[in-house]
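Paired with chain B in one complex and with chain C in the other, chain A is shared by the two complexes that follow.
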Partner chain A sequence: MKKIINKPEDYVKEMMEGLYIAHPDLITYTGDDVHCLVSVNKKPGKVGIATGGGSGHLPLFLGYVGKGMLDGCSVGDVFQSPSPDQMLKVTKEIDSGAGVLYIYGNYNGDIFNFDMAAEQADFEEDIKVESVVAGEDVASAGPAAPGEKNTRRGVAGIIFIYKCAGAAADAMLSLDEVKRVAEKAAANVRTMGVALTPCTVPRVGKPGFEIGDDEMEIGMGIHGETGIRRGKLEPADQIVEEMMDKIVADLPYVNGDEVAVLVNGLGATPLDEQYIVTRKIDSYLKEKGIKVHRYYVGEYATSIEMAGFSISLLKLDDELKGYLDAPAQTPFFVQL
Partner chain B sequence: MMDNQFLICFLNELQKVMNDKREYLIELDSVVGDGDLGLTMGDGFTAAYEAVRDSGETDTGKLLYSAGKAMSIKVPSTMGTLMASGFMQAGKVLKGKTELADGDIAELFAAYEEGVRKRGKAEVGDKTFLDGMDPAVVKLSHSLENGDSLLLAAQKAEKAAEEGFRRTTTMIAVHGRAATRGEASRTLEDPGAAVAMLMMQAFAKAAESLF
Partner chain C sequence: MKKIINKPEDYVKEMMEGLYIAHPDLITYTGDDVHCLVSVNKKPGKVGIATGGGSGHLPLFLGYVGKGMLDGCSVGDVFQSPSPDQMLKVTKEIDSGAGVLYIYGNYNGDIFNFDMAAEQADFEEDIKVESVVAGEDVASAGPAAPGEKNTRRGVAGIIFIYKCAGAAADAMLSLDEVKRVAEKAAANVRTMGVALTPCTVPRVGKPGFEIGDDEMEIGMGIHGETGIRRGKLEPADQIVEEMMDKIVADLPYVNGDEVAVLVNGLGATPLDEQYIVTRKIDSYLKEKGIKVHRYYVGEYATSIEMAGFSISLLKLDDELKGYLDAPAQTPFFVQL
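So, the complex of A and B:
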């Protein structure tokens, strides 16, 4: 393991301390616990939006707390869910009477803990909580049949859900309405990733899986979950084409649609390569007659120092476009 | 009649067995999961016991709820939260009681199972904790209804849980990482059901101490 850290067990705590030092105008913590992050900018009467999950994915999850996006976030150890108690502390701090919406990824640990926190918020604090669970990784499972639960993992596409729901809450919509917007965004986003190298959880000290120097794994999850195909590394255009075929066919995104595109680096893939990928995505979409309203390129949801990237598409209508374009300011996301 | 001293004794036996079987659970969990089950169960049930050991709480429901809450704070992993949910549901059902009849003990375990089932949205037969727990809960309540002593009923429940755990090698996993293996998951022993088996062992031990 080669990392710029002090003690592995202090990894999360010290990272959080650094964040509070760097962004005092945007974030602070509550409940005397650095894992319970909240926005310093409160807007009375607004629906509160909270997220949470394991550490190791910066800027996800906590990096999107700020103006126009999220109000709070609880973080756990690397790749571990925070506790219901920590989620509850955040919930209490960000509720201003209009209720709280939880938006988080489709992982059992997070679901169980957020469900328990929601029950406690209702039972112990009289706070109304609704939840929207993001699960848009097309490589992780087939689409859910009507009435069946979605088993797809949630990955980088959740940022689109944060952005749209955050703008809706900022426009002072009710809890039910903010939830509806979040669900609409969730229903229209699809993601797929590719990994070139593994990542190492500091307290574990060795890589989570092995992969050859000349290999890639298409569809791998952001904790190293098995993908759909492992093979020899190919040219960028070929990789993008394989991923785009799967993403576009899934929703499907069709001729005449308008989309936002998120190209996301997983931690160790340089921006140079991400822009090489972006160029191919654009020509691919042009050929399909799909119009791009906006590109986001960079690191949005990482997997510590994994090399690779993901592509997310969000299909837009006028309502989602308005919320996506609204201004926001967080430690990692600034849109004027 | 029993009071909270019996539950504290049970929780002590529970943390002991989970700590004793740490390596066994790690080994079972390493086959399909990330191998941390032994750690989370040992740490989690220890936290549950320590939260109630010296609390002086006389309300059975509140005692169980606080055990669950302590566990949920200590080990917010998938299985940790499920086990905490069991305690919290049992706490809600038994709230207000300060004395426990044998039937209340059966109700406690039924509520525990229900709490886990609701949180995990799983059913019996899905190859989970429930497949160890459910046969034990059924056996416990039948045995007590037939007039068996709590000790005999606990021993029968212990055996039922073990048989339930063994039967998980005939089931296909539908939850968690094991589910991605489909048919290949069938012959594997389920680590969650092993936790149910150990839980009923601890219960039988606690019942022994009453006699």
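So, the complex of A and C:
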């Protein structure tokens, strides 16, 4: 395990301490628990938005707390859910009377704990909480049948939900309305990833899986969950085409649609490669008659030091476009 | 070589194409050469600032062209200098009568080509050009004796020079004044890095050097230049202490000084680790009585997919602080 760390058991605590040191104008923690991060810029009367999940995905989840996006976030150890108690602490801190929306990824531990926190907030604190669960990884399961539960994993596309819901809350919409916007974004986003190397959880000390020096795994999850196909590494354009075929067919995104595109590095993949990927996505979408409103390229949701990337599309209407384009300022996301 | 690319010979061209696709509101290229990048936001009468160097360091160099920072940049192939002709093209495009300042790293190829471009700009185009060469890697050579040439390599600390000079130019200072600010920043910045893994130039196809699974190299350069010490990987705090001892002693930075700190990931090192490093830097500086004005943490100047990081300090006075804090908007650097 080749990491610049001290004791593995101090990994998350020390990382959080560094975050507060670097961004005192934007974030702090509530109570005495560094895992419970909140914005220092509280806006009275605004719906609060909280997220949370395991550590090891920076800038996700913490990095999107600030102005115009999220208000609070609790994190657990690497790839571990935070506790209901930690979520409740954040909820109490960010509520200013208008209620709180939880937006988090579709993982059992997170669902269980966020549901419990929501119940406690309601019964013990009289805080109204609503939840939107993000699950947009087309490789992780088929689409939910009408009335069925979505079993897809939530991955990098959650950024789009944060951004749209965050802007809606910043515009002082009600809890129901902010939830509606978050659900609309969630319904219109699709993601798929590819991994080239594994990552190592510090406490475990060895890679989560093995993969050949000439192999890739299409559709792998951000904790190393099995993808849909492992094979020889192919040229960038061929990989992008396979991923885009699956993403575009899923919603589907069709001729005349307008989208935002997120090209997300998983940790060890250079920006250079992400831009090579961007170039191919652009020509692919042009051919399909799908217009790109804006690109986001970089590391937005990582798997520690995994090499690979994901592509997310968000289908836009005028409402979502307005919220996506609204200004925001967080430790990792600044938009004018 | 595990990279998401097409043909190695198309690596830089395709990466550049992706950049223009993703950031059309900020950058374009001049003439028909994608290697000659310029800002789309030309400010009449402003001193133009150009940089350049080899590819493979994103966000360096290209990523800092935009509002409030640089106006143009030419890049060569991976780790290769751009040509004088490419530099001249950029120079002609960004000059608006007030002259052009070159800011680039202390490498022979770059110096030779930038000097030739400056001469041609002067004689053939009647454009006044001045140059500031950044060389702040304390591991690469001793400090220059009075009157001697600085032989230190330029690394991540150049960002601080870009930022201060860019803000000075944006404030419509004259070429001589912008140069003075750039030189002041250059004189007050020091950097040191550590590498854990090598990187692979796409056309070469194999890592630039070998390093053991349990080893690090303190002081390694951003093209894999030999550092000052190779040894067993140590805990983060111990590594930071060794690096800080050398950086702080060099200027020296002393009790009562105020600094900006850049913690820079070299490509494959997760943000988590960079924040663990930040935490230790902060306690180190507190102990020395050195005040931190602001932190920058993330990937600012990489070595393709090298694992490791660097630390840069910039000693501030009121003038530099004002320029550092001024707003900027480029593809990779947004400050409100």
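Here is the rule we use: the second predicted complex is superposed on the first by the 336 of 336 C-alpha atoms of A that agree within 3 Å, B and C clash if a C-alpha of one lies under 4 Å from a C-alpha of the other, contacts with A are read in each partner's own complex, and residues count from 1 in each chain.
Note that a contact is a pair of C-beta atoms (placed from the backbone, for glycine too) under 8 Å apart; a residue touches a chain by one contact, two chains touch by 3 or more.
Just so we're clear, the structure is a prediction, and the values are computed from it rather than from any experiment.
In the superposition on chain A, contact of A:Thr226 is made with chain B only, not with chain C. By the document's definition of touching, of the two partners only chain B reaches A:Gly109; chain C does not. Note on chain A: of its two partners chain C and chain B, the one contacting more of its residues is C. Residue contacts after overlaying the shared chain place A:Ser55 against chain C, while chain B stays out of touching range. By the touch criterion defined above, A:Thr269 reaches chain C but does not reach chain B. Overlaid on A, the two complexes show chain B and chain C touching no common residue of chain A. Residue ranges on chain C touching chain A, taken from their complex, read 2-7, 11, 14-19, 21-23, 55-56, 58-59, 194, 196-197, 213-214, 233, 235-237, 239, 263, 267-279, 282, 295, 297-299, 302, 304-305, 307-309, 329, 332, 334-336. On chain A, the positions that touch chain B within their shared complex are 76, 80-85, 108-109, 112-113, 115-116, 149, 226. Interface residues of chain B, counted against chain A in their complex, comprise 69, 72-74, 76-78, 81-82, 84-85, 88, 119-121, 175-176, 180.
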